[in-house]
Amino acid sequence: MHIPDNYLSPSTCAVMTAVMVPVWAHAVRKVRKEITKEKMPLLGVGAAFSFLGMMFNVPLPGGTTGHAVGGTMIAVLLGPDAACIAVTVALVIQAFLFGDGGILSLCANCFNMAFVLPYLGYGCYRLFERHAKTERGKLAAAGAGAYIGINAAAFCAAVEFGLQPLLFKDSAGQALYCPYPLSVSVPVMAAGHLTVAGIVEILYTVGVLAYVRRTSPQFIYEGKKANGKMLGIFLMMLAAAVPLGLLASGTAWGEWGPDEISSVLSGGNALGYTPQGMADGFSFRALLPDYSFGSLPGWFGYILSAAAGGAVLVILFRLVSSRMKDKDKFASQEQ
Amino acid sequence: MEIQEREIPSWLLKEETYAPSAKRDGFLQKTTISVMSVLSRMKRGGEREITAYAAPAVRTGSAVFTVVLISLSHNIMYPVTVLVILLVRLAMMESRSVVRVFKGSVPAALFSLVILLPAALLGSPHTLTVITVKVFTCVTMLGIIAETTSWNEMTAGLRIFRVPDIMIFTLDTSLKYIMLLGEQCFGMLLALKVRLIGRGRSGRGALTGIMGVTALKSREMAAEMYQAMECRGFDGSYAARKRNGVRKADVLYMIFPASVLLLFIYMEGLAG
Amino acid sequence: MISDECLIRMDKICCAYDDVVALSFFSAEIRKGETAVIMGPNGCGKSTLLKIMNGLIFPEQGEYLFGGTRIDRRSMADTAFARAFHQKLGYLFQNVDSQLFHNNVEDEIAFGPLQMGLDESEAAKRTDDMIRMLDIEKLRRRAPYHLSTGEKKKVALASILAVNPEVIVLDEPISGLDMISQIWITDFLKQMKKAGRTIVIATHNEQFAEELEDRRITMTNPIQQD
């Protein structure tokens, strides 16, 4: 559920950054207090571990596979504050060094996967674990915590997506960023995460913890009672978001409603885009906002096409000639 | 020394006739390939020479700035123009690097296309084109930066964002551990590959077992690292080394973000 | 007892990683029932060779035939074939930590037989046989992660042999072992030899090689001489 760039408006990203800064500050403070300098390398290790874990393709019964995030699992091993830092660093590495994108949306991703997921997941785990008597019970508690955590994170991502078309539109009324309103994003994200992704998360979390518990149980984090404050703050935020979401979804639904569409039909003046065009299939122009091409001076277009064409030719030529070079690599060494 | 004659069980003396099922298990292959590509990218990133031109902080900062502008732009010709500039840059790079850059941006663009297709059919076709082009441009740009910068320098470059020392420390050490743990993981995945000779529920257990071993190993490594640091006088604080200030190359490089900004202002003016 | 049948044939194998040539026109033949020792300095391509032999990587040029069948990307893309092939070769990695991922020895050994579709009782019998043969009864419920190197190698060998492979491939089997364990492994391999297994060993150790080899393959960087 990594959100890529360009799906969230820069202002949304700025808001998420503002939200994350105090969260990080809190995590850093807690970690500095709790972690002796002896344990400091654990953070880097935790980040590496989180990063690698996201590469794992976990098989599910029935043949599907999926990727887990593992935020709750790391929280169980290292504590939620260290997990927050570890997952953040893993996401930073993915975005910047692996050129995967998601630089602007990094803070939104951190909010979902480095804040909501570990803290809520860990909080639920501790809640359930208290009532668990057996080993199995404790593992189930972790699994339940992971499931709740990932679904809460997915819900947050859905809200972040769903608010975009509501707030950011171009002059033609079309979405600038994610075009799916809450009425679409929430059910879609929920469907995916209540089923496949949620189960992957459970299996991954339980599987790894089972191994660690059996082999070296002393490595599980036994911190002070889970800090209720963070949980409380989060639940309050969630509570505030829900009515907002419902409100927004009501409005958003209206956007796709029959009156909207019919007004376009009757107006029929959208810049080169006609509903008839949609009915008989696409015309290429329908895909592009009209003003983009029309207003540029001709010479600009020529230069652009020349540069693009030239560059593409050079690249293709290079690719072909390097293929041919590979074959000769061994020839000189033949005995 | 007394060497005992072991009793070899009868089944071990006979030839095994085993007819495996043909149903696929793709998860191991996918995982192995992901881990392998991570390792090779990191190796390449670490081996890259520190180039004489602009400092990574400047280049990364400039890239982030451009991503912001692209994201803000309303005119589709803006990311298209930036993309053409990037293509020219790619034409100057080694073809293997170019392939790697596209290996990142093409799937990202295709993914966008697929995700946004329903939106296009429901009344928002501009969004489909605009976002796909933006995604392709941004990921290509970031790919170029990743291919042409030494990664150690790049993490140093991230310090301009005023992050607390503990984060920088975590970042630096995590790169090293991704290599070490990644190699460990990779070895285990290979070993699993030759032992996964049939289907069975145990495949997933093996995968999580590998992750579990990695978790334990990672703690050992962390403990060792701490001991090594102690031997060299570590006292808990981690100060960032000061870079040698602004250089001529850095100033020259600023032409890129400056022109990108001017282009943005011009094009937004046209659209407005 | 060595047959005339050539089981493993490598013909002019060339392999490179990132522009570094690992193997250049390497050829070798190993007959069924033979013990072949591969010797060479660090970096001569021994591990690459063993990985090719086990179908984990594929050479850029040249041919590898196992039991008369080509082993290449195409043949190994067939899942059933690949599985059958992996069952026939047991591979002991140089870094034995790579091979152990269960949290107890018994499950580790039973993994292979269960993969093959043997029922629980068959698998348990094979596990017990292996535990007895390698004398690791006291390790049965322990986690492989915590064992000593010598014990780990025994567990790894047990797991490999539990699927009854035709060929046993070992990468530096005595590295990291104390004298007693070294003697134990040498003796064990002699027994496997007597039982007719084909064995391929990569090693540095001259003495170890002399005790076991029927054929020696010497590698230098990276051009190979026979």
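We just call them A, B and C in the order they show up, numbering each chain from 1.
Following the convention adopted for this analysis, a residue touches a chain if its C-beta (ideal position, glycine included) is under 8 Å from a C-beta of that chain, and two chains touch if they have at least 3 such contacts.
What you are looking at is a predicted structure, and each value in this text was computed from that prediction instead of being measured.
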Relative to chain C, chain with the most remote C-alpha centre: A
Chain closest to the middle, measuring from C-alpha centroids that were averaged per chain: B
Centroid distance [mean C-alpha coordinates] between chain B and chain A, Å: 15
Centre distance in Å when chain A and chain C are each reduced to the mean of their C-alpha atoms: 43
Interchain centroid distance [CA atoms averaged], chain B/chain C, Å: 34
Per-residue overlap in chain C, given as positions that touch at least 2 other chains: 103, 145
Residues of chain A touching at least two other chains: 210-211, 215-216
Sites on chain B at which at least two other chains make contact: 25, 205, 209, 212-213, 216
Complex contact set, residues of chain C against chain B: 18, 51, 54-56, 78-80, 83-84, 86-89, 91, 93, 95, 97-103, 111-112, 114-117, 126, 129, 132-135, 145, 159, 161, 163-166, 183, 187-188, 191, 195-196
Partner chain B, residues of chain A touching it in the complex: 4-7, 9-10, 24, 28, 31-32, 37-49, 51-53, 55-61, 65, 77, 85-86, 88-90, 92-93, 96-101, 103-104, 165, 170-172, 174-177, 179-180, 203-204, 207-208, 210-212, 215-216, 219, 256, 261, 264, 273, 278, 282, 286-289, 291-293, 295-296, 304, 307-308, 310-312, 314-315, 318-319, 321-322
Chain B - residues contacting chain C, complex: 1, 3, 5-9, 11-16, 18-25, 40, 184, 187-188, 190-200, 202, 205-206, 209-210, 212-213, 216-217
In the complex, chain A residues that touch chain C: 210-211, 214-216, 329-330, 333-335
Residues of chain B that touch chain A when the two form their complex: 25-28, 30-31, 34-35, 38, 41, 45, 60, 63-64, 67-68, 70-72, 74-77, 80-81, 83-85, 87-88, 90-91, 94-96, 98-99, 101, 104, 108, 112, 116, 118-131, 134-135, 138-139, 142-143, 145-147, 151, 154-155, 158, 164, 166-167, 169-178, 180-182, 185, 201, 203-205, 207-209, 211-216, 218-219, 221-223, 225-226, 229, 234-236, 270-271
